[in-house]
Structure formats: structure tokens, C-alpha cells
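Below is the structure I would like to discuss, written out as C-alpha cells.
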Amino acid sequence: MQIIPILIEGLLLGALYGLAASGLSLVFGVMTIINVAHAEFIMLGAFITFWLWFFLKINPILTIVISMFVVFMFCIFIYRITIRRIIGEMQLVSLILTFAISIFLWNFAQVTFSSTFRSVDYSLGSIGFLDTYFSMNKVVSFIIVSVIIGGLHAFLKFSRIGKAIRAVSQNPDIASISGINIDRIRMFGFGIGGALAGVAGSLIAIQWSIYPLMGQDLILKCFAIVAIGGLGSLPGSFIGGIILGVAENLGTRYLDSTLANIIAPLLLILTFLFWPQGLFGVEERVD
Amino acid sequence: MSSVLLEVQNVTKTFGRLVAIDNLSLSVEKERITGLIGPNGAGKTTLFNVIAGVLRPDRGKVFYNGADISHLQPYQIARMGIGRTWQLIRIFSKMTVMENLVIAANLKEGNEYQKAMEMLELFGLKNERDNYAGELSVGQQKILSVARILMFDADLMLLDEIAAGVNPTEQIKILDVIHELCDQKGKTFLIIEHDMDVIMEHCDKVICMNFGEKIAEGSCDKIQNNEKVIEAYFGT
Amino acid sequence: MRRNDHSQKMNSPGILGIPHEGVWIYAIAMILVALFIVLPHVTSSYIVSVILTLFVYIGYAVSWNIMSGLTGYVNFGYSLFLGIASYTSVILIIDYKIWWPFGWILGGLSAVTIALALGGIMLRLRGSYFAIGMLALLLGIKLLYTSKYLSPMTRGGYGFAFIEPLSLNAMYYALCFLSLLCIFIAYKVITSTFGAKLIAIREDEEGVGSLGINATGNKIAAFALSAFLGGLISSGHIAFQNYIEPESAFNMHWTIVPIVMVLLGGPGSVWGPVIGAVILTFVEEFLWSHFTQAYMMIYGAVMILLVMLMPGGIIEWLKGRGTLPKIRTI
């Protein structure tokens, strides 16, 4: 097979991966917490899109906005009743807490939605390029991802809340002295991280089958991406996502899918061992 | 005639562009108390970290009893007989005084408890045996830090500001203990201190650092009147 | 965990942590042991199975605690050792006709081998990185066992059925013995200098080196011990299940449930994991028969509440209230 189409496909996949992981990075930046439940938010976004399409026949692309909003609010809720209480504790406490939240969520989904695979039957056709056909869904998804990345970047750079988020990520003590309400900003940060996950989930729903346990399969990919890109760095998670997407796609085409799935955990461990700060790692704050 | 126990030979340590230790050489004689002084940021604690194995020198070597310890791990260096304390006390506050002592023992024979009891006697901490180390006063915690490194028979002790932040009675006690260990048990000390009175009264030799370099070395009197030392502390 | 007050005293009163004053506790323990021994002959095999599962969970919880409860290195990939031991023991017993006790022991040893091989690498990672790294390792190895590369031995993703040459009662007694062994070893570790060093590592890993303590060596030792004991129990567990496949042998369930048990009972203590295992085994049995799907969800909720409200578990709560003496042997 020609390599360029495979690379392009990897890029399309990778950009989505990057978006999926970006929320995780953002949350770590703003509160130094590794949110193990992050991929469950992706799953929620996916199911929101599915149910809206299935029951209300809404165009899946439009459901993205709703899913973003719903997951945002849900994450604010979770932050207020759980995460906020353990902010000052050691990192392991938050790790176990978010792990527990993730267990609760994917089992809740399994109980409520049943574990069958579901697909959104929505195809935009395909587009020809370089002798192969690409699914238009993937292309549109890539465009949406790019728009969101651009929007996120602008938001963080120019908006008041965005600047506050960056301030808290860099130096919470100084930020709080400057009059920023750290708790509120962290709450927003968590919500936005969730919203990004939700969007990624919706986009996934348009391209692949979804199922309640999909978060469990995605979380390691997200960790790997964030490790490569550097915890807390958004450009890092996008580049990391693309690296993983391309690598996995190459693996699927030239080797087999089992080996392709080993790439994420393998990269994660190797990165942790030999390159812990990743591409653009922000300085690790000590416990 | 005392010989050299610790020798630092042309050690350089940089952090990126910051040169923390610059081609430094010094020696510490056996059974003596040597003082290490210098203004803040001179590199004294960094030097301790290099000697203790927490940091690796970029250039140069460290010799202990003639053996090259430059590339050993901290626990290996400790086992050779070098003990150190920190400016900010580092004891296990959620373990009892007894437990703090016992785990420092590293003895194979199994009489850690007995040795720990001896330590408690020696340092006057017997009553605190079952109390949590975090509940002791600062002075007692500092004493505990010294007691711990004695549990594994450290011959060279690197003490970082052991007399700082304690009340006068405790300070006297700590220094008494140091002298007793030096005179009667043959231990060697290299101590970082900011309190000049402590240095002048208790040290046999003083080394002064500034900007990572050794700028003066000698007896207390010599150092007191040394131009470079005065300049380092007070400017010209 | 900051709120977990591990201020304890290292005296050693009584036997297995029971102070001399607590003779009545000792008596109850004897009665319980006698009950356990007699059980298979007086009740149905369903109840025997439930108690057998209890022994398995006690074993898992106690061995997980030896490493993660003491050192604070949360091992999210614990099922890794369980799965490897399961496969090794089953393959040896079924394909190579090895006598089952040896099969089980070799299963445990295979887990230790992996722990020793990987420990040096993985334990270089700090806190959260270790936890996530182990998770990644678990997934990677599970995929390996599912893949075609190992399937001549493992029969790949679909697994296979088998029957080990021992009766249900024999399994019951073997696992009873193994779980008591785990508790005994945990007691020995936690009350020893080794255990104190592990706790010190959790308190201040870098400072520990200055006392001549080889933190990495001690961590690896705890890691390997935890793997060995877990592997032994897992070999017994899989014999009971009569079917082996990667998805269930390496399932997160066998990590998550012991973790909740340890958190509930009290991490870092001798009896905490046991108490947690006892409570949750019966809760699980009850929930499973009434709310087959929802019980894992309830586990998640319980875990959330424990982390937020009672991070020291039941044992610390009882010690804080004065109901239990604050000694490390409990």
C-alpha cells in the first residue's frame, strides 16, 4: 500500500487523539491532578451524540455542541462534589479518586446502556485524493478538531478566563495573590477539559462504533499521548496525538491490530522511563 | 597526627548555566571539627549533596578514606560511614523516635533495639522513645538527626546548620554532643554554619566558600581576619 | 496519603498482634479457624465456593497491601502477576502433568520472575507514573497473551477449559492455608525493620538513602513478594474457575476489588485488608445475586466515599477512636 494515504489517515486519526487527550493535559496543568476518569468523559460525549441522533434524529454534527455543554456541566458537578475536596492532598489520593470515578462511570454506563456496540449510521460519503478514498466523516472531523484547537488556543490566549487558567497553571500561588479565584478557575478548567473530551467522544461516535467500555481502551492512549507531549502542554498533546495516530495506523496496515494496540502502552512506558518530561513538559511540581 | 578523611579534588558542578561549585578542592582531617562558611548561595549545601552522592560532580573526584566515592549512590556512601543532616530537618515525623533510630541501624546481628536504647540514653531522649518524631521540639529533632546517623556508625558527619533555629540550651547540648563524639569517639565533623560565634568557638579549621569557590582556609583566627572572607560577607 | 496517620509503635505484644489482654479475641480466632476447617463437611458446595472466594480475596488484598499499602507505590497493574501465574500454573499442570502444588508454586515463581525483571525498571518511576506505567504494562502483556505470538501455549484470546486434578474441598483447604500464609507473612513484614523501611520510603524516599537504606532494593523486594503471594493465590483461584482466557485472567477486577478492600479495611495494616476482604466478599455475593450488573458500580461509589471520607480505612478509624490500640501489629 502507498504510504502517503496511510500517513494522511494517521494524521486524521491522530488529530482526534490529540483532541481527546488535550483535556487531560489541561486538567493536569491547572490542578496537578491526573484524571483517570478522563476517557469516561469521552465515552459520555459519544453516547450523548448517539442518543440524540438515535432518539431525536438530530444531525450528529450538531450534537457536538450539546455534548460539549452537557459534559462541561457534568464535570463542573463532579469537581464540586469530589475533586475540590482533595486538591491539596498527595497526587496518589487524586489518582485513586479519579480511578474510582472512572470505575463508577463505566459500570454505570454498562448497566444503563448495556454493553452492546452501537453505531451512528451517518455517512457523508467519501472524498478521493491521491488515488484513494477517504471517508468524509474523518475529514470533517479533522476540520472540526482544527477549529476547536484554534478556538481553544484563542480562548486561552485572549479571554479573561483563559488567561487566568494559564496563570493558575504556571504558578497558583502568585495567581491567587493577584486576585484570581483559584478554586473557580480550577472548576472551569476541569469543565473545559471534560468538554474537550466530550467533543472528541462525539467525533468518535461519527466514525466508529461506541460501547460503554470504550473509555477503558482509550485511557491508555490518552496517557501515552500526554506523556509524549508533556503533562500540561496542549501543543504537546496534539503533536503526541498525531505521533500516536500515525504510528498506530502504520502498525495496523503493516503489522496486525494487536501489535498496533501495543504501541500505546509501549510508548507510554518508554516515555516515562527515558523521556519523562516529554516534548514540552511543564516543570513537575513536587508533592 | 591526624590524616585526611575526606578529600574533595577539583570538583565542579553546574546546573545548566549556573556554576554552583567551581573547581573546588578541600580536605577534612580526621577527628576534627571543620567549619564550612560562606554567604547564601555560595554552594555549601550543593557541596554536601555532591559528597553525599545526591549529586554527581561534573568534574573532579571525592575521596573518603582514600576510596573514590564520586559515583556512588547515596545509600552506598552512607554505608561507608558518611552521615549527613539537612538544613530543613528530615526525619520521619509519623514514626516514633524509636522507629526512626531502629531503621537507621542496618545491622545484621539484630540488636538494633539495644543500640537504639543506648542512643536514647546518650542524647537524653529516653522519655520521648514512643512519641512521634514530629512531636519533638526542633532542637530535639536536630539531636535525633545526629543520633540517627550514629546508628550506622558514621565516622564522618556532614551537619547542615545544626545549631540554627534552636534555643540556647539546646544549642549548647548539641555542641556538647558534637565535642564528645569528636574527642571521645573519634568522629569527624564538617559543619555548615552561619552563626560565626559557633564556628569560632567550636571549629578546629574553617573553610570559606563564595560563588562556588574556596576563597579561604585556615584556623579560626586567620579566617576572621581574612580580607576575602570579610569582603564576601560584607562587600568591600 | 496525608490524612493517614501512621504514627505507630513497634512493640510486639502477644501473638499475631493480639495483646495479651485480648485473650478473648484469640479464643474467637480459634473458633473461626475450627469452623473453617470443618465447613466443607457440613455445608453445601455453594457455601464452600463462597468461602473459597473469600480466601482468594483475602490473599489478593493482603499481598497487594504488602507492596502498595506500605510503600505508597499504588500498583494498578496487579492483575499482571495474577494472570501470568495463572497461565503458568495451568499450562504446567495440564500440559506437562506437573503435580498441582508444584504447579501452583511455579506459578507464583513465574510472577516473581517477572516482578524482578520489571521491578528495577518500573520502580524507578515516581508515584503516579508508576501506577499508570503498571496499568500500561498490564494492558500490553494481556494483549501479548491474546496475540497469535503466544497462542501455541496460551490458546490465544478464546482461552480453554480444563480441570485440575484436585477436588473442590482440596482447593478450599489449599486456599485456606495460602491465605493464612499471606496474613502471616504480612504480619512479619509489617512488624519488622523491613516493613518500617518500606513505610519510611513512603514518607521520604530520598532522605532514606542518607541512612544507608537501599530504597530501590527494598521496593523491589516488596514488589516481588507481593507478586509471589498473589501468584500463589491466583494459581489456586484459576484452578477453581476451570477456564482460562486472557480477558478474565488479567482482568482489572482482580486489582480493583482488592484495592477497595484494602482501602476499606486500612492500607498499611496487617488486618485491614482482611477485614475489608471479609466485608466486601459478602457484600459482593449479596449484590451479585440481586444486582448482577450494578455491583461494580457500587464498588466505584464506595471507593469514592472511602478516599474522601475515610482514607485510613476502618482500622485507622478504630485506632483513632481508641477502640483499637495504636500498635503496628494490628
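In this document, chain identifiers A, B and C correspond to the written order of the chains, with residue numbering beginning at 1 in each.
Heads up, the rule we're going with is that a residue touches a chain if its C-beta (ideal position, glycine included) is under 8 Å from a C-beta of that chain, and two chains touch if they have at least 3 such contacts.
Remember, predicted model here, so these are calculated numbers, not experimental data.
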item: Interface with more contacting C-beta pairs, comparing B-C to A-C; value: A-C
item: Most centrally placed chain - per-chain CA mean versus overall CA mean; value: C
item: Centroid distance [mean C-alpha coordinates] between chain B and chain A, Å; value: 50
item: Where chain B and chain C are represented by their mean Cα positions, the distance between them in whole Å; value: 42
item: Centre-to-centre distance between chain C and chain A (centres being mean Cα positions), rounded to whole Å; value: 33
item: Chain B to chain C touching residues, read off their complex; value: 52-54, 73-75, 78-79, 83-84, 86, 90, 92-96, 98-99, 102-106, 112, 130, 132, 134, 148-149, 151-152
item: Residue numbers on chain C that touch chain B, as the complex places them; value: 5-10, 193, 196-197, 199-200, 203-204, 206-215
item: Residues of chain A that touch chain C when the two form their complex; value: 34, 82, 85-86, 88-93, 95-97, 99-105, 107-108, 110-111, 216, 220, 223-224, 256, 258-259, 261-262, 264-266, 268-269, 272-273, 276, 287
item: Sites on chain C touched by chain A in the complex; value: 1-3, 72, 74, 76, 121-122, 124-125, 127-129, 131-133, 135-137, 139-140, 143-144, 146-148, 252, 256, 259, 263, 293-294, 296-297, 299-301, 303-304, 307-308, 311
